[in-house]
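Both complexes shown next keep chain A, but they swap its partner, so chain B is in the first and chain C is in the second.
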Partner chain A sequence: MLPVHPQRSTSPWRLAFAEFRKNKLAITSVIFLFFVTALCILAPWLTSWDPVKINIRFINKGPSAEHWLGTDKGGRDIVARLLYGGRTTLWICFSISLIVTSLGTLVGSIAGYFGGRVDSWLMRFTDLVLIFPFLVFVIVLKAIFPDTGISIFIIVVSILGWGGTARLVRSKILAEKENEYVLAAVSIGCKPSIIIMKHLLPNVITTIIVQAILIVAGMITVETGLSYLGFGVPANIPSWGNMMSDAISPEVIKNQWWVWLPSGILITATILAINFLGEGMKDAFNTKK
Partner chain B sequence: MLTYSIRRILGMIPLLIIISIIVFGLAKMMPGDALTGQIDPTKATPEYLAEMREKLGFNDPIPVQYWNWVQGLIKGDFGQSFIHKLPVSEMIAQRLPNTLLLAVVSLVITYTCSFMMGIYAGRYPNTLGDRSIISLNYVAYAVPSFVASIIAIYVFAIKLGWVPISGSVSIGVEDTSLMYVLSKLKHTILPALVLGLFNTAAYTQFLRNDIIDSTRKDYVRTAMAKGTNASAIYNRHILRNSLIPIVTFFGFDIAGLLGGAVVVETIFVYPGMGSLFINSISNRDYSVVMAVTLLLALMTLLGNLIADLLYGVIDPRIRLS
Partner chain C sequence: MSQSKQSVGAPLLEITNLKKHYPIYGGIFRRQIGSVKAVDNLTLTLQQGETVGLVGESGCGKSTAGRTILRLTDPTEGSIRFEGQDVTSIRGEKLRQLRQNMQMVFQDPFASLNPKMMVGHIVSEPIRNYNRIQEKALTEETMQLLERVGLPAEAYYKYPHEFSGGQRQRIGIARSLALKPKLIVADEPVSALDVSVQSQVLNLLQDLQDDFKLTYLFIAHDLSVVKHISNRIGVMYLGSLVEIAATDSMYRSPLHPYTQALISAIPVPDPLKRKERIVLQGDVPSPANPPTGCAFHPRCVHATAICREVRPQLHQAAPGHQVACHLYTT
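This part shows the complex of A and B:
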């Protein structure tokens, strides 16, 4: 007699994964992102050049067998700086996305669940955060707390950046809490914190995940743009944005393409891949269609 | 509509007050004197500081200082630039028209390009043309504005030499001539293009999808059944409906354009508010920084107000809630 396997129903996650696998663009993006992240993490084993120490012998050299993508004005190897810079940039953007998503989810779910006065005050606060011109205020805050390293940068950007997520989570929770299972949970005496954590959030988590992924892409733009202008990561730490800061002079743009083109392409390709990944996940989770 | 507008405008007042308090607070945290620009942060001997503090009323209670500052603002007194020895209001008056020109040209480019691409892609979906437009837009959506600026400078200003690399007008061109206007436009077009890139991609995408959705709607089928020709359906019936949401984005665009101007103007050395802001930060000219910050925040607020009002004009239901 054959053994009988109990029939397991497919979970939403499994369904989404099956859907996601059909999306070639998204899969390619995942592979690309995995590849870039792995290269950056393994930087110390992949290159022997120092990304920070100035080397006067090799200043502003074009690509060669020794330096595949040439060197910058400090004689530092571009490939090494790309790898180590990726560590900084990806780490920063990942951390910011994590903090922003947590803060936004916290505020948004409390506002959405409790409604009434709590909602109105929290959302007014959120509107206030959203009204500030983001880049301008990051730069002003960076001017007040100058050159204090990566963590201050992460904190400043996170404090100014959570508004959009809060609004999104609130609107999702507002719609979700009308369901009867929430009423059932309330009627058997569940605490609000349990209802939010155990019942509501799992049902809106997919939206939050997609949003968090798209925020990583947005933060790469913010970090590289600000570092390029000199208001992001301190200049002595390599990052994808810092690497391009020499390309503010037309002379460098004209004569030293290797200073700005490789990191420019890498930044754009990474953002593109993250966007494809986010879009792919959004489509995969949206199986109701 | 009038009551709605008045309610929206009154609703802005608390935000205005909070923004002014935050800007005031930030200015107090900055070295030197960010509000009137009278204390030089680089020349900080204790005697000098003490004397200036007394003279400028820094020993007054904080609310009194805040009130004096607000009174100055209402009269148009933004303080004095420390580096340029000029009233800040004068510097802003010089720069603001440039940024506005940049924003307007950018919006014109955005609307023209996205309408042409969006309408084409929406009308002929899944053709080669549509696919190329989509791919182009994905890249335009992803590329950060400073990378786009560098590439634009390299290709159009350096390699092709079509437009100048930087500035807002050629030196020695007379103020009133037609040449002046042309020179101004020539300098503005490249930064404006880069500044509008993100919006162009977003609008094209939106228009394309909206047009494709509309094609399946009943009113379009009716029009087709009555034998209306395709161009009339697309250009008159469908487009008119797709325009509504786009109009409401306009207010938010203002905020986006001002933020983007900070980056783009700096790279193109374009003398607008954004580059004034960055230069003043680098020079520690904090009175200018605070004035520009306040102004940019106000303009963002104004942009949101415009978005709300446009929304109310288009969708009467919004006015009632």
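This part shows the complex of A and C:
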């Protein structure tokens, strides 16, 4: 169809990818995260143990051939709970990151591109969201409505969490729009929506992606922290945070390492890997040839 | 395609007393404490098909003038008429339609192309913005444009970072031609390029003018660049025109002391023809705080009392030769 054959052109994205591939730590992290995510998603097919149902005959048993990492105080298989718990936690954190990034990008890019009064109103609103004590809000909400489920948790945390991304995107757009190609876009008749989506966002998207990735890691901390304290995911749903809250008594910490050590290691490793991935992407995108 | 009704005999572009002042904010309350008078009382007329060179030192407001004329920034005062139609304050879709007729070639060949876009898409985007055209026809048209500006058709599939400064400027030129505009403001299109490449790009612009029936406002900070391409030359100092004349008249008999200094600064190869170089004293004053009267008076050897108090207006000193200087107002 095309008159001339497209050569393999070195698009800026391809260059960044080539750079990223040189970073061993980042690549290892990607592979690790891929496996963890895949195992969690495939949990129902990988283990036949029920992560929720109480099994009185197997309470607090150490690792065995049947239960590789033993069982918890409800007699539930730790491996099954790790996988199903990862499903919950990762799903929550990805969703929050996605919503937070979308909202933040929308607000930040509109404020940054239009500037002036639009900018000052949007940023006042953003400041309001930023200073809102969101942990306190989540805890109070949970205290008043103990039955709030996962979706409410995702929505509340997202709605209160986009401020940082909005500020970041705004400052990036403000700097980027000084380039003459934006003026050129105006002069060739691009509408503001096109200028933002086709010209500005592709040039700041790398920062946004890195930020989104770091938000996932941050949200894992929030989920585990809140659930540990009993204010996060409802106790009857397995999540990494709820598994950590099983280790709240010194008795368990001293005598039943299998209840908290595997989940502790998995959570830490996942958060670290996400950060390495984020840093690796940042470096790859920032290398100029 | 054109929306405007051309009234008979009207010049393509008529700029009257154009001003662009940027506010300066300061103090604790970020109140306006002054303004940068980037363009101050610019009056200029462009006839269909001619090239007017606009020359002046860095910071004298050339780019701002070009951008304001193309309505890329809003003028503070004055009027802009395009083909007889007042376009000073049109906005929205009306302004967007007008943009088809007036395009810009930018100063910086690196910053003026979106680094994340394929060259083909950069050049075809203007057409895509106005016309519903079939993808295949658009690709073909774009490749023809690329070839017309001296690039291979395969450039379509490459990215800006794969090209040199001169080639990038050609890409920018192709983009500005895509809509077949009537007016092109070329903002120092060659000043960022190697000297060896400059004349190639200048020649290209000259060829394109004939092919596309273009009118150019050609901005440069150096008289020698615009000499061969311009029919008329305007000299700017601190936001306004101090002299405008046909190119040969300007070179033969420059009237304004500032123009005389600029012309004497052009290197002449023949040592016998070399005149004494007039070296300007002092620096360019800040456009935020311009001198009273004639803005040039602190640097002018002919300055008298009236120069410090009364701002000279642009007036006819010889046929087709206008100057803003008290030396010629008798």
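Methods note: the second predicted complex is superposed on the first by the 273 of 289 C-alpha atoms of A that agree within 3 Å, B and C clash if a C-alpha of one lies under 4 Å from a C-alpha of the other, contacts with A are read in each partner's own complex, and residues count from 1 in each chain.
To be clear about the criterion, contacts are C-beta pairs under 8 Å (C-beta built on N, C-alpha and C of every residue); 3 or more make two chains touch, one makes a residue touch a chain.
A quick note: this is a predicted structure, and the numbers were derived from the prediction, not measured.
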Which chain, chain B or chain C, ends up touching more residues of chain A in the combined arrangement?
B
Report for A:S11: first if it touches chain B alone, second if chain C alone, otherwise both or neither.
second
Determine, under the contact definition given at the top, whether A:G149 touches first (chain B), second (chain C), both, or neither.
neither
First, second, both or neither for A:A184, with chain B first and chain C second:
second
Taking the superposition as given, does A:P202 touch the first partner, chain B, the second, chain C, both, or neither?
second
Looking at the overlay, what does A:P44 touch: chain B (first), chain C (second), both, or neither?
neither
Answer with first, second, both or neither: which of chain B and chain C does A:T268 touch in the superposed model?
first
Name, in rising order, each residue of chain C that touches chain A in their complex.
67, 70, 72, 96, 99-100, 102-104, 106-108, 111-118, 125-126, 129-130, 136, 139-140, 143, 153-154, 156-159, 161-162, 172, 175, 178-179
List the residues on chain B that touch chain A in their complex, please.
15, 18-19, 26, 29-30, 138-139, 141-147, 150-151, 153-154, 157-158, 165-166, 255, 258-259, 262-263, 266-267, 277-278, 281-282, 286, 289, 292-293, 296-297, 300-301, 304
In the complex with chain B, residue positions of chain A that touch it:
127-128, 131-137, 139-141, 143-144, 217, 220-221, 224-225, 228-231, 244, 247-248, 250, 253-254, 257, 260, 264, 267-268, 271-272, 275-276
Touching chain C in the complex: which residues of chain A?
1-4, 6-7, 9-13, 179-181, 183-191, 194, 198-199, 202-203, 289
